[in-house]
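Heads up: the structure comes next, in structure tokens.
Just so it is clear, A, B, C, D and E label the chains in written order, and each chain counts residues from 1 on its own.
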Amino acid sequence: MSTPTQETTTPPPPKAQNSLTQGTLPRWTWAAMLAGSVAVAAALAAALGAAFGAESFLMPLWVVLVPVIYLPAMLILQWVRINKRKAIDGFWKNLVYLAFLIALLPLVSVIWSVVSVGLPGLLAPGFLASDMSGITGRIDQETMETGGDVLGGIRHAIIGSLVITLAATVISVPIGLLTSIYLVEYSRGSWLSRAITFFVDVMTGIPSIVAGLFAAAATAWFISTASSLGLMAARPYTMGLTAAIALSVLMIPVVVRTTEEMLRVVPNELREASYALGVRKWRTILKVVIPTAISGIASGVTLSIARVIGETAPILVTAGFVVNANWNLVSGWMATLPVYIYRQFQNPIAPAATEPSEQRAWAAALVLIIIVMLLNLAARIIAQVFAPKKTGR
Amino acid sequence: GGANNPDTGSEANGAENGGEVSELSGTINAGGASSQETAMTEWTQSFAEIHPNAQVNYAAVGSGGGREGFLSGEYLFAGSDAAMDDDEYEASKEVCGPDGAFHVPAYISPIAVAYNVEGVDTQLNMDAETIARVFAGEITSWDAPEIAEQNDGVDLPSTPITVVHRSDDSGTTENFTEYLHAAAGDVWEWEPDGGWPSDITAESAQQTSGVVSTTSDTDGAITYADASQIGGLQSVAVGVGGEYVPYSADAASNAVASSPRVEGQAPNNMAVELDRDTEEAGAYPIVLAAYSIFCNQYEDEATADLVRAFAEYIVSEEGQQAASEAAGNAPLSADLRAEAEDAISQISAG
Amino acid sequence: MAHANETTSPPSAGPAAPSGPVRKKTLRQSDRRGVFGDKLFSGLAMAAGIAILVLLAFVALFLSSSSGRALYSEDEGLIVGQFLQYAMPLVGGTIIASIIALGLAAPVAIGVALFISHFAPPRASRSIGYVIDLLAAIPSVVYGAWGMSFLAPAMVPVYRWLHENLGWFPLFAGNPSGTGRTILTAGIVLAVMILPIITSVSREIFIQTPKLHEEAALALGATRWEMIKMAVFPFARAGIISGIMLGLGRALGETMAVALVLSGGALTASLISTGNQTIPAEIALNFPEAGPGSERQAQLIAIGLVLFIITLVVNMIARWIVSRNKEFSGAN
Amino acid sequence: MSKRINAIDLNVYYGDFLAVEGVNIDIEPRSVTAFIGPSGCGKTTFLRTLNRMHEVLPGARVEGQLLLDDDNIYDTAVDPVTVRSMVGMVFQRPNPFPTMSIRDNVLAGYKLNGTRLSRSQSDQVVEEALKGANLWNEVKDRLDKPGSGLSGGQQQRLCIARTIAVKPDVILMDEPCSALDPISTLAIEDLINELKDTYTVVIVTHNMQQAARVSEKTAFFNIAGTGKPGKLIEYDETTKIFSNPSKKDTENYVSGRFG
Amino acid sequence: MSKRINAIDLNVYYGDFLAVEGVNIDIEPRSVTAFIGPSGCGKTTFLRTLNRMHEVLPGARVEGQLLLDDDNIYDTAVDPVTVRSMVGMVFQRPNPFPTMSIRDNVLAGYKLNGTRLSRSQSDQVVEEALKGANLWNEVKDRLDKPGSGLSGGQQQRLCIARTIAVKPDVILMDEPCSALDPISTLAIEDLINELKDTYTVVIVTHNMQQAARVSEKTAFFNIAGTGKPGKLIEYDETTKIFSNPSKKDTENYVSGRFG
């Protein structure tokens, strides 16, 4: 180190290490420590359980105690044997891994419960290809008594879910995407952009039931106004489109906020490079900015679809509930998977024989998850095709 | 429609069956109370079997939602646990012509006071006051003297009582609290309402299936629920005029038949003022009468015919029987059925 | 959306070397269609923004026009006090549930996002991200059913234990719920629901952190964590907050899961006993039976309006935090 | 098809900060002009006003006139896009498009504008431009690889290729060779020499030898101190600037006796 | 506290692509070494292996030994963080932290080790480092402004200041002056001259004059063709390399008769 010790104001030299291999721990340290933590946690859990009467959840207590012991133990060990920075780095690394494991817990639990209960129903013959017309309580009771296959299916609900969600996506994604483009590329902090940002924020918190009530009221108002002006015949407002509008209210803010963030971090130098080639702004946006941000946008869009495809409350008041398929968005009622699931859970077809309904509900939930999974996969593949070819430099 | 549907009707209620069984065709959209959803499913499906070209949809949006949709013309009829008030009746004249709408108590079901106490396999007896005290949180243990003295010879555990009530506003709650208020007014001072009194701290769950499953999962729990849906739970025999009466379909149906009608609405209106503090032996006073609300007058002949046919079907012996088999409710008594048929026959086109 | 159907003048006819793509003889001879494309696109973008404002204006109009009777009745005049008495406990319950959900979800979600972007082996990280996104694919009804029939019973002994050993602490005071369906359980379910939202947004931003800045930090001798603090977090700050706000919006507005899981009741500080209710659940549970045009209906819509205002305030604070040092933007 | 550039009393601002003040300069068509001057004096800033790239930054604006031949490019009737398609630019920091292959990067000026090229035409454009930028040999076998996987100097040459591919009238280069090795530098200088037969070329450079080698005229910018605006101090024949400048500051700077 | 660097049979890969092959080089402590060579020959790549920055890229790996004094920095027991805090680096493209002020940028590395600095101490560090990088006068009045608002050259000098502020043992510079004007370049060269009294300095440059001016030894890298690995052709006293190289390629390159 060069700086000779000077008067007191001299900044301390900025480093402590002199040797490269100073204070490394053997590679197996973490494994040993983990094993130790598991053992100590077991003992502690037993002791605690005895002392505080927590016998009924020894296992969970044990599981919780393992990181509680492991993390600080590693921290202290590294702090003492290596140095503080390394210790803190390791501590956060462990925390990050722990966060991941914690996130897996509910995932595994939910997926397991859905798959294990839902799979038999999904495999029941004709479950995907048939609807619920003709399925009555008496049939379910008979099924229970004779032990035959559960009848009835979710074709109509799959169709309804897909059609309504697609319509909502077609409404929301262009509006959301264009709005975020306006916010990031055009507005330059104008009052309008501030107003939009402000209200999009508010939209994120609209309860879905309110969105449904609003969409019903708005469509009813629109139809009655239009029919009193003679523009169209009076007709019921309960239809797929009304549900799609309700879902759009929920979807738009998610699309706007996610894509806005993704567009904002596109480096300005890419925009400039494009402008300098004499490329118009809108082409720059479409061909340079959006492709650069596409993977983020795609995950934002899938997120928003996942957000609304599972909605129950607003659908019932806007699209009604039927037992057979309807492809028509603007006429007639539609059923969707979440409503189907909810009704099967809450009001089993046969109150005295609920198993068939429960089986159908869980199987439908499984199907819904699979649908969103596939959508997600598709979005990722699309994003992959356009995404920046990453090489670090 | 598909591979495993038992009937041919399903989605293809189109031409191929036309004329063969019935000339009725069209779609009725309706909505309302969830209490009668099971019965409605039965009715709409069976009706579609008889009339392949006709379809009835029922959305269980709740009684209030049903009446709102009905009054706005969105629903051709509504299902409702509570009768329309006079304002709503007035409003119904806008969509239903000068006579407005009328109620038919097509779905009658006893409300059971159901419980789950480990070690008690027999039916417990409770009078109205005891029930009220339990639900008000004043009696907190199953071996309380008030319960013990009405149940000689039953070995009651000291399990604490967990009251489970509906978390959503519901007709069941309204009927139950009406009963408590009428039959045990000095204990139960709260006004009858669809929502549970907020100052009683108790467990709650959504919908009948929710309270039933919560009660089933909780030792010492007690709840009130549509009797047809209590599954394996035990139910209380309710004290009426010194005797203890278990719930039964006949008792429930009779309670409705003997109750006075609501005055001041359409002439063929069948809304009832249930008599909760009856002392009549053998009557079971905790009854839910869920109405179907129809217009006296529909816009055109086809609609009127279709609605009339459906209404006739649901009150018919066959329809009531079908619902009862599926939903476990109490079929209408013969008198009530006759009255209902008469009321329904007045549906006309304007 | 105006898409790129429109092409500027094709290269000069001959098969020989193409000339410049938008060859102009003079400056003023501007390419009309191009200018029109720009105008159209910016117009569309602005129109989309305005459409949102109009939509929101309608929602606000709908809410305020239908909630009038909650604040004013013909017999009693202004009944704001009465309404507030009704609304405040619900506001409290909503905020408690959201705080629990955010408190649990945000750190875990950011951790998971970091895990995916900076810790997991690069090959695995895509699929891990995909797996976590699956959490978002689960419909709220299923979360509700899961929370009600699986999580809640599992929490019962925990609550009892907490009460017995930490009962002196207000959060664990009160009678432990016999069903486990308390505000804490609801908060946990909400946390699971918003986790993928926060994760997904943060992850995408983390991935965008310029390599240049990450390398700058590493080259200074930063450990991975220090690099994250120095280059990743500052760059992603606005994005993280945005993700958290989206998650919070979901937590504030979630209806069905809470309605199914929570055994609601009066406002209480205790997390382990029955009680508390959130605004969306209150609306969903009571709206179906509320008579058309009744005061009850108005009251329910009015608390929807209150939720609006809560969301607004929270987001304004978040925006303020983000905008405090805007000139230090990551895009440069 | 080159153009004359004529700046009249040009002031350039970043928001309220006057970065460059009172520039009057007359740049001949078919010539190479070098901008030199100390760091931060506003060379980049002024260069960016020549194709209206300056106004892309929020708050940035320009006062005064800038004539391209006889039209003021800052006239309200003028579309900046037209200006930029006539005045191409190579940036100080190489910025290839990360979403595009090397080939597409070269063709960006066409593709982004929606111009359809036949396969043979585009092959020709790519080859010509890459050869012009002295990059062809290095990348001809991996034209479909992403442009961001190249070395720094390769990226810079890719950006040059991208700019010359669209054949603008004026080419602005902001330190195009700062990341290049001598061979590529020579190649670029040769290219500039070729270009000036048809185009007007303006180049910012910190390399005096380079300025002396390639340019006919040189403009020296200077700045009096931090926060002060940069100014055009002297503009003259390159030989004059380097051998016998009329201003003291210029002499100090080119002889390295400055600061 | 400078260190000796000794590479033994070093191969550097990007995934399966061998970018630099079989480098053997011995760099004296307290000296300045220049790396020269055509673009794409692997100078940056090799430089990045000297402080294990190379492995930051996915798929990138190194074979062979690299001794710092006597420790192999690629030993499994060695923590790359320790290596990097001993071997500082200035990148080819300036990369100040955009979210930090100028002041914080300079202090970024310093703060890492957790030493708490008093206000006056940190002022001193900032001033010293900025003066060393010849940037102090230009920015002293706006130390709290973001680092990204500086001109290209200013940004580069800021990065140099950031690196020297932490006083590493070895300083690697990847074309540190390519974006700088002659004055700043001179200042940096002076700085390098000062630094070599205490540190080991390695610098990549395309500027032969610069290499000749500042370095004691010069390493010439070359590449046989695209897709081939870069190799260290000749490593010797700078004067020897520029006056009388032993390899033909070297002579061609330094005399500009290459390619």
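Just so we're on the same page, a residue touches a chain if its C-beta (ideal position, glycine included) is under 8 Å from a C-beta of that chain, and two chains touch if they have at least 3 such contacts.
Here the structure is a predicted model, which is why all the values come from computation and not from measurement.
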Discussion item. If you apply the touch rule, which chains end up adjacent to both subunit C and subunit D?
Written reply: A, E
Practice prompt. Would you pick out the chains that touch subunit A and also touch subunit C?
Written response: B, D, E
Worksheet item: Which of the two pairs, A-E or A-D, is linked by more C-beta contacts?
Response: A-D
Worksheet item: When the centre of a chain is set as the mean of its C-alpha atoms, what distance in Å lies between subunit D and subunit E?
Response: 28
Worksheet item: Which integer distance in Å separates the CA centroid of subunit A from that of subunit D?
Response: 47
Discussion item. With centres defined as the mean C-alpha position, give me the subunit A-subunit B separation in Å.
Written reply: 39
Item to complete: Between subunit C and subunit E, tell me the centre distance in angstrom, where each centre is the average of that chain's C-alpha atoms.
Response: 45
Worksheet item: Among the residues of subunit D, which ones contact at least 2 other chains?
Response: 81-82, 85-86, 93, 109, 113-114, 152, 166, 168
Worksheet, complete the sentence: Within subunit A, the set of residues that touch 2 or more other chains is 15, 85-86, 89, 267, 278, 280-281, 283, 287, 345, 391-393
Worksheet, complete the sentence: Touching at least 2 other chains, the residues of subunit B are 34, 61, 65, 72, 206, 210
Response to the item:
Listing every touching pair of chains gives A-B, A-C, A-D, A-E, B-C, C-D, C-E, D-E
Response to the item:
In the complex, subunit D touches subunit A at residues 51, 53, 56, 58, 81-82, 84-86, 88-89, 91, 93, 95-99, 101, 108-109, 111-114, 145-146, 148-149, 152, 159, 162-163, 166, 168
Discussion item. Going by the contact rule set out above, which residues of subunit D touch subunit C in the complex?
Written reply: 68-69, 71, 73, 75, 77-79, 81-83, 85-86, 109-110, 113-118, 120-121, 124-125, 128, 166-168
Discussion item. So in the complex, the part of subunit D that touches subunit E is made up of which residues?
Written reply: 36-40, 44, 92-93, 137-142, 150-154, 157, 175, 178-187, 206-208, 226-227, 253, 256, 258-259
Worksheet item: Of all residues in subunit A, which touch subunit C in the complex?
Response: 15, 52-54, 56-57, 60, 85-86, 88-89, 92-93, 95-100, 102-104, 106-107, 109-111, 113-114, 174-179, 181-183, 185-187, 192-193, 195-211, 213-214, 217-218, 249, 252-254, 256-258, 260-262, 264-268, 278, 280-283, 285-287, 295-296, 299-300, 302-303, 306-307, 309-313, 337-338, 341-342, 345, 361, 365, 368-369, 372-373, 376-377, 380, 392-393
Worksheet item: Once bound in the complex, which stretches of subunit C touch subunit D?
Response: 4, 6-11, 15, 17-24, 26-31, 34-35, 38
